[in-house]
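Here the chain labels run A, B, C and D in written order, and each chain numbers its own residues starting at 1.
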């Protein structure tokens, strides 16, 4: 992840600039949470295989959805604190672009 | 609404009666979908490890939440068609109990 | 709303059969809650007119959404206890139809 | 990020500074939309009074919830473009504060 642009915020979506995204400070935390969520997905398969009661499966799916939602809100918060703030300081055009992009993600979150 | 009460609908939550839950006819389908969701959880870990762009990760989390939501709605539909209908035919008390239980699951779904 | 069909559950969508829907026992309660929600909509207009702080308006919109959601869940519960149960007792075809219809309403609720 | 600190962004919650909130440019639009939503609340009361079919009422409640959600997302977008951007330019502390506040509103939106 070498990076030498003097004012590069790292908030790119080009796949080439790494190492500076908003969530990077919490990378280990997110990995751990996603590993737990992967485990929940495996637990659900076991419940279906063992023919658990429908409502008990639904309860576990809701717990997993909640865990995913918490990851989303965390990522969004990190993104705002880092990339949106950086874009705001870069100028109006950059700010408008990042906010439009963030609003699309928020809309998907709200509707899902 | 005659009902031979020896007929077990299998819609229990006691962990002892298996094989008759509403989703059983689709057991393979649910397992396949949950396996895909497990794969999505692994894909998200890869994205975080490779330091993908925050918004791209959020898009994938939304896709995964949508997939989980579809599983929930499918399980709920199967549960209603099978267990709630069976309870309704069993009597008022059984119906009230199953509907209160289903409403709790629906409320969790709506709020998550 | 006189009604003399011997086994009419009243759970129709034809606009002709009134007086037996699931929520009728709570009609006054629902009217009161909807009147409060109407008042919330008026309160929001006042906030916008008086140029209240954006976040304070958002908080009130969330409160109003929560109130609407509670009305939805109440109506759905009444509908299930009354119309879905009646359909289940009527036969498999009636049950399937009412459950498919209820699932569409639940899906809209979950997605909104 | 030079910022003349006498410039008031107007993004306050103290009730004293009016006229500069993010949504002010669309004030008439928001009032019109909230008036329509108020009309929907009255329409729902009429439906309950006239004993409309439960599912038809639920469909209208969903439409009203969707309209409210659109107002929320619009207000949030205006707030971000205006108040969050202004706070980002003011400094790290102001940015952190506004983002924490916005995230609380987004979390309420996502959960409702």
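Couple of notes before you dig in:
Simple rule for what comes next: contacts are C-beta pairs under 8 Å (C-beta built on N, C-alpha and C of every residue); 3 or more make two chains touch, one makes a residue touch a chain.
On a predicted model such as this, the values are computed, not experimentally measured, just so you know.
Using mean Cα coordinates as chain centres, the one most removed from chain A is C.
Shared residue numbers account for over half of those found at the interface formed by chain B and chain C, and the copies are therefore classed as meeting with the same residues.
Centroid to centroid, with C-alpha atoms defining each point, chain B and chain C lie 23 Å apart. If you average the Cα atoms of chain A and of chain C, the two centres end up 34 Å apart. Averaged C-alpha coordinates give centres for chain B and chain D that are 33 Å from one another. Residue positions 69, 72, 76, 102, 109, 111-112 of chain C are each in touch with at least two other chains. Within the complex formed with chain B, the chain C residues making contact are 69, 72-73, 76-77, 80-81, 84-85, 88-89, 95-96, 99, 102-103, 106-107, 109-111. For chain B in complex with chain A, the touching residues are 11-13, 15, 18-19, 21-24, 27, 30-31, 34-35, 37-38, 41-42, 44-45, 48-59, 61-62, 64-66, 68-69, 71-72, 75-76, 78-79, 83, 101-102, 105, 108-109, 112.
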